[in-house]
Structures are given as C-alpha cells and as structure tokens.
Amino acid sequence: MNFRSDNTATVAAEILAALTAVNDKPAPSYGEDPWSRKLEDAFGALFEREVRVFTVATGTAANSIALASAVPPWGGILCHREAHIERDECGAPEFYAGGAKLVLIEGEAAKISPEGLKDALGRYGRDVHAVKLAALSVSQTSERGAAYRPDELAALGDMAHGAGLAFHMDGARFANAVAALGCSPADITWRAGVDLLSFGATKNGALAAEAIICFSADYAEEIARRRKRGGHLLSKNRYVAAQFLAYLENELWLKLATRANRLARRLGEAAGAHLSVPVETNQVFIKPGAAALVKMREGGADFYDWGAEGSGEARLVVSWNQSEGDVEAMASLLASLR
Amino acid sequence: MNFRSDNTATVAAEILAALTAVNDKPAPSYGEDPWSRKLEDAFGALFEREVRVFTVATGTAANSIALASAVPPWGGILCHREAHIERDECGAPEFYAGGAKLVLIEGEAAKISPEGLKDALGRYGRDVHAVKLAALSVSQTSERGAAYRPDELAALGDMAHGAGLAFHMDGARFANAVAALGCSPADITWRAGVDLLSFGATKNGALAAEAIICFSADYAEEIARRRKRGGHLLSKNRYVAAQFLAYLENELWLKLATRANRLARRLGEAAGAHLSVPVETNQVFIKPGAAALVKMREGGADFYDWGAEGSGEARLVVSWNQSEGDVEAMASLLASLR
Amino acid sequence: MNFRSDNTATVAAEILAALTAVNDKPAPSYGEDPWSRKLEDAFGALFEREVRVFTVATGTAANSIALASAVPPWGGILCHREAHIERDECGAPEFYAGGAKLVLIEGEAAKISPEGLKDALGRYGRDVHAVKLAALSVSQTSERGAAYRPDELAALGDMAHGAGLAFHMDGARFANAVAALGCSPADITWRAGVDLLSFGATKNGALAAEAIICFSADYAEEIARRRKRGGHLLSKNRYVAAQFLAYLENELWLKLATRANRLARRLGEAAGAHLSVPVETNQVFIKPGAAALVKMREGGADFYDWGAEGSGEARLVVSWNQSEGDVEAMASLLASLR
Amino acid sequence: MNFRSDNTATVAAEILAALTAVNDKPAPSYGEDPWSRKLEDAFGALFEREVRVFTVATGTAANSIALASAVPPWGGILCHREAHIERDECGAPEFYAGGAKLVLIEGEAAKISPEGLKDALGRYGRDVHAVKLAALSVSQTSERGAAYRPDELAALGDMAHGAGLAFHMDGARFANAVAALGCSPADITWRAGVDLLSFGATKNGALAAEAIICFSADYAEEIARRRKRGGHLLSKNRYVAAQFLAYLENELWLKLATRANRLARRLGEAAGAHLSVPVETNQVFIKPGAAALVKMREGGADFYDWGAEGSGEARLVVSWNQSEGDVEAMASLLASLR
C-alpha cells in the first residue's frame, strides 16, 4: 500500500500511447512541431480565453520561471510558510529570480487568508531599503490538500493587484482542485485575477509534463528567455506536447483527479477524528500519534510522516490509479485506529 | 528530405518500448527508483570505471550545471568561438554559474588547438582585477562535425590541468565521435583528463535523455544541488533512466551513430570539393554558394544555412534514422552541383 | 534634537585629519599603499590574533560579501526577524550570495536565543529538496540595542559550528557592544566562535569605513574576489585605511562609543517605564503611545517610529557626538511623559 | 617618477576642503542631505538638461549598475576587447546583470568603429537561442587614451538605438576627453545618444566619487534598487556629494584634466616615433622595446607594461597633479631612447 506521493504513480495509458502516436516522422524541434503548436488552442479551450503556454520539465521549473518573470531581483514573493516553493525547491525561485525573497505567511490548511495577506503586505517599508513586494503565490490545491474557492481567490487577487503584485498559482495539483470545487478552470484562475499558472500534469498521470500558462502576454517574452536559459526548452518538444494533448482530451485530467479525490474521501471517512485537516482533494492528513503510525507501517502502509518531527502526524496521498484494494486496506487500517 | 538537425528525428523503437516496460507499478520518485539506481553501474561499465551520473532534461542544462559546478562566479570558461555553450544557449552557462565569462578561442573545424588554448590562457591577468580562468570546455564532436582524437584531448587536458582548469566535454553528439574514432568512451574522456561530460542521447534516438557524467566525485554534491535548483530533478525519473538503459543496452547508441556517420560520409563523397569541412561524423558542411543552395531547396532539401549571412554555406545533419532514400536523393542533388 | 540615527552624525576630527595626513604624495592604488598594508596589523592588535581585513564602502556590502563567501547559493542564512540584513538591505545578501535564503528566528530584544536557534536548525530537511542551512548571523549590538554577552555568543557559536554553519557577526555598532560589556573585542568574536565580522566605524565617527574581518583565512580568496566584483575595491584605498587607523589609535573607537552609551543610559533613566527594551548601548526604545510621540515631536524631537504602524513605539539613537544639551532636553521631554 | 596610474595621485585641496565644510552638524542620511540634493542641479547645469544622478563608490560599480539596469540577464553588452568592463572588473558587469554576456569588438586605439559595431550586431541570431544584444558601451576616453569625437559618438549612438540597444559610456576619464575635444559635456553624451554615463572624478582629483548620470528617467528606479543591493548607497552620502560639488565648481574638473592632457602631450612629443598610439588625453602609450623599458626603469621611471607579455610596450599616465619636474625628467628619458 504505497501512499507516499502521487509522483510515484505510473503514466496513464492514454498518455503513453500519445508518445507513440507522434513518433512517426521528423518534426521541427524546439516547439515548432504541429503538436506543440496546438497547445495554446487546447489550453485556450480549457480556460475559455487566449493564453500563452510554455512547457517545462518540472513543477519547480514552472514555478521558478513564472515567478522570476513577474518579480525583479529585489522583489518579495508572498507565499504560505508551507508552500512548495519555500520548502521543497532548494531555493529555485530565489535562483531564477536573481535573489528575490520569499516572504512567509501563516494560515490554516496551508491556505493564505486575507488577514494573513494584509499583515504581510505591511511587513516591509516602501523605500529602497527593503525588498519590494512584487508577487503573491498560492498553491491550488494547497500543500495540505485544501482547495481555494473562486471567491476566496478573487479576494486575494483583488488585494494582490491593489498592492501592485502579480498573482501566481502553483497548480501542481490543479486538476484535483477543479474536481473538488466543481467549477471551471477559468473560475479559479484568470477570473479570480491569476496572472500566471503553473499547470501540472505529472502528478495526475503524465510522464513529465508541466506548463506555465500566461493569462497576460506581457510575461511571455521574458518567460521564453528564462525557459531557454534554464535549459527547459526541449528539442523534441512534441513528446511533451503530446502528453498534454492526451491529458486534455476527453477530460482525462478531470476523470483521473475525480477518482483520486473520491478515494481520498473514503480514507477521510475511515480516519474520522484522526484527521488533522478535512479531506478536500487527494491528500489525507492524519494525526493518530506516533505509536499508531508504527502500527500502520507494520500493517504494510507506506507513507510520509508530516509536520514537526515526532508529531505523530502523517500524509497519505491517493494517486490517479491507486488500486481500490489498496484504498480499502488502508481504510480498514485507519478504522482500526479509532 | 529533412537534414535540418538530428533533433528533428523520432525516438528509437527500443527506447520508446522501454518507457512502457517501466510503467507497471508505483516506484520511488526523484531518482530513487530501481532503474535510476542502475544508471551509475551502466555508465560505469561503459566508461570502465566508477562514475556519478546526473540526468537532466536538456543538453543546455547538462552543460550549464556541469560548468557552474566547476567554476566560481568570477571564473572564465574557455571554449571555441562556435561552441554551443557560446552561441546557442542564450547565456545559460553564465546564468547557472552566477555570471561567469566565456572566453573565446578560434580554431579550425570548431576545434580548439593547443596553440589557441595557450594563447587564451595568457589573455587575462592573475590578480583580482580579471576573471580567473577556471574551466576548458570542448565539444566532442565539435560544432563543425570534427572529432578530437584521444591524443589531442590528452594534450588539451594536460594543459588545462596544468593551468588549474577543470576539463569539460559537451558530448551532445558523443556517440558519433566514438563511432568515428573507433576508440573506447574512456579514451576520449577520463583517460584524456576529462572531468565532466555532458552525455547526450536525445540527438541519437532518445526522447529527452541527457546526463552529466562526473569522473570526479568532488563535483557531485554541487551538481545535485544545482540540478534541483534548476528544476532538473524529475519526479518520475525512471522514464529518463529507462531511456538511457535502453540506449546503452546492446550498444544501441553505437549502432545508431555508426549508421548516421556512414550515411553522412556518403553525402561527403557526393559533395566533393563543395565540402567546407571534411566529414568525420554525422554533420556535413558544404559551401556551394548561395545560388546552389537555392537550387537545393527547390529540389526538396531542407537544411540550415551556416556561417555568416550570405556566405553560401550550409549544414546537413544526418539523423540516426535518416532514410537511405533521403540520403541518396541528397547525394544526387549534391553531385549535380559539381 | 536629532535622534534619528547615528549615521546622521558628522565625522570625528581625528578621522577627518587623517585624510589630510595621507594626502601628501602618490601612493599605490587598490590597497597596496602603506596605510592599507598596516590595517591587518592594527586589527590584529585589536583582536589579539592574526586576521585578514577587507575594507568596503558600506555595512551592507560588508555583511553581504562576508555571507556570500560563507554560504553556497542554495544555502540558508539564519538571522533574527528584525536583522538589518533581513529588513534594511533590499535583499543584498540574497544578491551577493546568488539567491541564498534568509531563515528568520524570533527572540527578545532582537537577539537570537539558543532555543530559537535550535528550533530553526530543524526547520528544513537535509536532502536536496530544501535549502542547506549554512550560516548563522547575529548583530552585535542587536537591532534593539542589546549586546550579546561572551558566553551567550559562545553558546550560539558552538551550536552553529556543531551544525556545520559559519558564524557571522554584523558589527555595525560593534564598538557600542564592547563599551557596554567591558570585555575585549576578542571575547565577543573569535573566542566565541565568530568566523567573520562586519566591523563598522561609520556610525561611530568615521566618514565611510567598514571592513570584513576574517578570523579564518579560508574565506579570504573568495572575499577578495567578491569585493572586486561588487565594486568595493577602492582605487584610493588609503583614504579608507587612514580612517580606520585613526579610529583604532588611542582607542578613539571606544571613547566615542562609551560616551554615546552613557548618554543613552541617561535617556533610559528619564524614560523609566516607557522603555520597551532595557537600554544597554546607544539605542533607546520607548513605547509611550502615539499621542506622547506627537507631543515629543511638538517639543522639537526628531526620531523614527518603530515597530508596527501605530504601535506608539519609537527609537532614539544617541550619536558619538550628540550634544549634552540635546540629551538633557530629550531627558526632560521623556520625564514629562511619565 | 610615478606614471603608473592617475589613481595613485592625491586628492585636490579644494575637494579635501569640501569634506570639512560639510562636517558641521547632523544631516539626513542616505542622500537626503542638502548637498546630495544639490547634485542633480549641479550636473544638470553641467549637461544643460535634467539628469538623474546616483553616486557610488567606484567606477566598477557605476559601470556595472548602469549596465545591469539597461540589459536583461540574457542580454549582450557590446564593448571593445580592451574595455575596462571586460578586462579589469573581474566580471562585475556579468555579476550585477545576472549573467549577461560581454560581446567583444576590435578597433584601433581601443575605440569602436561603425564597421566593428555593424559586424558585431550580426554576430548572434535573433531567436531565443542566442543572447539578445541589449547595450553598447564605449569608454570616453578609451583605454588607449583616445577620445571619440561628437560625430563619431552620434554615429555609434544612431546605430545602437537603431538596433534597440541602450548606449552607455564609461567616463572614468570623461574630463580628459572634454578637455581634449574642446566640446561641451552634452555634445559627447546625450546629444550623441548616450543614455547612461559613468562619470568619474576619482582619477582626476577626488577621493572616491563616481556617479551614474541618467539621461533618461526610465532607468532611475532600477538603478536606485541595484545601487542599494550592491551596497553602494552610502549612509553619510554628503561626503561624496561634497566632493562632486567642489569638483564641478569653477570648472575645477576641466582645469585639472586640461593640465594633465597638456603634460601628456609633452611626453608624446618627447617619445616621437616610439608612440604606439597618438596622444590625445592624459595617457601615453609607447613601444620602444623591452630593453628600452628596462633602461627607463633604471632611470627611475615607474609605469606599467602594456599589451601582450614581452611586447616592449608601456603605458605612462599623467595625473592631475603630476609635477612638472617629473614630466620633464620623463621627457628627457623618452628623448634619450630615440
């Protein structure tokens, strides 16, 4: 029973098949191929408006290149204390942005609240001695599996734009958020003021397919340059484009995410009072204590501890193709702890 | 007849099949999977010694991360004026290395000669006012399709180490060099003093598989960090590892490169006196004049102009799976120009 | 009555005279002049051991260059949330260090406690996904005017070195700390484990004289390069060296700081219960409420508000040559608020 | 007889006196003092138009901060192969500009010709794979003591702007150029298209006074940030401002430079056919052969060898206060070589 991460899962059959389908003859390199050229239309349809799309190899690259293109080196990037860009990217945003500063905000379920944002906006002075706050970055879903509702995002977006900040969303698990909220992708992005989205497919069935979606063409030239300089412009880009086209076709992305969310809810019900955060998407956080975690591992469960060392908290991630059997076995284990 | 670049080619069947073969069940992420763990043994066998291997998404990333790990921000990187790192990477080495300087050397067939290197070594002073020369980077094969012989590399390696420089090789077309020289991979790398190799497979049949091969463990910690910070540590790394394992198995790499080199020689013979550089590997440079190039394009040939604008020079690259028919047609075209 | 900052004060007569004294004939540039060459001996005598000295134009440069030379770009620099490097240098440490991260610690009187440090040391993981904690930076005196005692520093130094961190001290007001503690400069630097000190003279009577003092020669080559690259190697460096020589001669530094501290204590006594932090050096923090601050300004006092907006807190800094009359007038004002 | 460099000279009496004159009472820090506030008017009068002025500690800082504010990290900066920014700043421009590339141009007397510029403008492609040429930097006077005439600069300026480049001038010896040309400062700066000028006073009688002069306000915000981040915003900035005000008052700058130029011409006449470059300003380049240089040193002359090692070439720099006796002695020595 492997619940360590959705990035341990395999690649969806539809996506793997797409690689073979584009492998028939030479094609222009560096994104000039027919499949790469279809990407902006495909994403445009998904988001109900014109967009610019830049594929990259990882979510770290998507986040860092997007943010670097929106903030000056002396900029401050507001994010949650538990944000992936803060804790899990070895300072990649600082590297790409030439030494920008991440400014940390607290908040329940790894979500930024308007109060938290307001407080942070006043944290630095406005003159040349302090960094200049320049971007707000949120994770949808959050690092604690929570999904921002459209109105919540719109409120943050208004505050960000009012303060002259760009609004970035880390959408490593964007599909899970849409599946949970039952809204359109547009509702939680540009309609709520999001300027730049890191759109992830790797965790939800792709092999390695991440993209920066620009809702403003202003960032495009800079992103194109930073992508090349970062070594993220792939010569045989059609094999990335093909993954995305298969991912978007027939709402594969939504089906896979919906299934994962559903199975995660099943675990949430089994965990009951041991949940440390309500289950909204495909991540389940439990805090049954250290002894119970030992027992779970003895029962064959594989997962990461979470939070402070020795806190007795753990994270269970349900992948797009997690077996029903695994989920039932885990649910039984969780129920046995109550 | 597409002779634009070997990066327009498709993916070899063996390599595509390998992706499916590893797609059966969850596996640890970020290179902890069984296939990624086999890479150092597989490359160790290829190079006849222990090596450290770091996969990345592109050759630009391999070059930049390797060089950044070998030079300080105030370092100078010696390379040929036509080197890929100088002309085609949008300053990626400078970006990764925190502002290092590329120091350019002239030389026939885009190769660095001992005289050229000696001259460049004296170009900057040794005190704090000038950059500190810190690395030599050569391309094997060169950007003009030439291959350095083992003794040529050993001479450069001795000079580089004698001057306190690290010795890096851009091996985007490394297989073609080995195929042309009939030597072992070790002979043109660590036995000749190479410390760091960018080992490319993408141009020779892979989908997206590039690696930094370290012949000294000293660089490993820094490369690991820079790879992560650059967004080049892939979560589902097994799909990159599988490409390399298939590439190395049964000398697939060598078969593909040998074939491409052979077909390129065929074009070289047809071009005769129009060759601007002797054909050694899979790139063919011709200089039949601007009118002849127009004629070739009218004849259905697709390729890049080369050299200064209006010089009447062109580059023809033979891919690993270039059709014999294409080659024969191109050979006829070339012969018709004589 | 100007109590805004000690950097609004004039230059001590002894220091200004020293500029004239070295102005008699040509001298080698870039620190090869006789006065610059005496600096390491002069500081060696002050610190009772061999040191390397690098003069720079500002405290921001001293802090940033020192830290950049002690941490990799993926390093974390532990400091207090109110540290000058965090709040007042526009991200200069991140810039010089190629994108390193400041990791913030809370603590009374802007001092880092062992508990705060211990907590911060566990904040990031040890693998390649998180930044690598690489330096601890403390301010002596702190941004709230507190002085770390030798034993406090030694405890922090032990923890830092035990965790593999370099230990840096921002000594913009170093003289005031020595004056307050009555110890030797060695006691609160290398004897307590400090590896790198930003030694400031500008706030205590110099024109523009700041230096990085290295207690380990390991950092020297890198600091020399980073200083040059930052544009901080002055051609006519003798005029900076002369300031330092005059500053150190006859303990001028200690006399000036002792006087400022004494006058600040006078204000502390006058402020009584309105003090928000006990007065240890030349900075006085009071929290008499917003209305009282208005009254003080109406009474002719010039100073900065401090802390959160509207908190009713203020900072009064006593300069090396603050007039006794100003201090008495301010003391009366403060007493009138009680 | 010290002819090593004009940065070995002392400080002019008028400038040293100005430091004392502003040392009477507290003044606002960080450039908010009355003297700093007068700088833009003073330079505005000099240049016959509105300008923005940013003082920094060194010419390296002025050049690097100006250029970094005019080019993106993926930008190319065109300059002469012998330019100070290329050879003598340890890569500072690359550091400040986040990894930009210096693109080198040949040319007589270290001057860039229109042909040289035209050739360089075609050296890189326009797509995302190559760096984007973004600035042209010339040195006035050049590193070989030559002065660009107004029409020469205007031609370069037209070409630069036509190609979308910013036009920067390294004016470390700007005064010597004006003195030699007999033109107005405006004629060789903004009237010729210069956008950014590094205005040096240190080599011509100041202690440490360099400034970035912006002829376009567009660069100002970025320069202000980069100056602070580089550690070049001095707290007691009045002492830098005072140097400039004294330097500009009564055309002191022009008198000092005129004198140095006149004495250099005297050396040029004495050197006759041994001159390797015609004398235009205060630098004299001679090539009498290695043996003659030995003889000159035996005769008490102190100077730098120049050009390639063993070339028998040397540079003699005449400082603002070089003694007439020194010049006569050197002239005799030079004459004796003929």
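Order as written gives the chain letters A, B, C and D; numbering starts at 1 within each chain.
What we mean here is this: a contact is a pair of C-beta atoms (placed from the backbone, for glycine too) under 8 Å apart; a residue touches a chain by one contact, two chains touch by 3 or more.
The structure displayed is predicted, hence computed values, not measured ones.
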Subunit A to subunit C, fewest steps along touching chains: 1
Which chain's mean C-alpha position is the greatest distance from subunit C's? B
With centres defined as the mean C-alpha position, give me the subunit B-subunit D separation in Å. 42
Averaged-CA centre spacing for the pair subunit D and subunit C, given as whole angstrom: 34
Approximately how many whole Å separate the CA-defined centres of subunit A and subunit D? 50
Would you pick out the residues of subunit D that each touch at least 2 other chains? 30, 73-74, 89-91, 95, 98-99, 128-129, 225, 228-229, 233
Touching subunit C in the complex, subunit A uses residues 73-74, 87-91, 94-102, 104, 122, 124, 128-131, 308-309
Subunit B - residues contacting subunit C, complex: 30, 72-74, 98-99, 128-129, 132, 222, 224-226, 228-229, 233
Touching subunit A in the complex, subunit B uses residues 2, 4-5, 7-11, 16, 19-20, 23-30, 56-62, 64-65, 89-92, 95, 202-203, 207-208, 225, 228-236, 239-240, 319
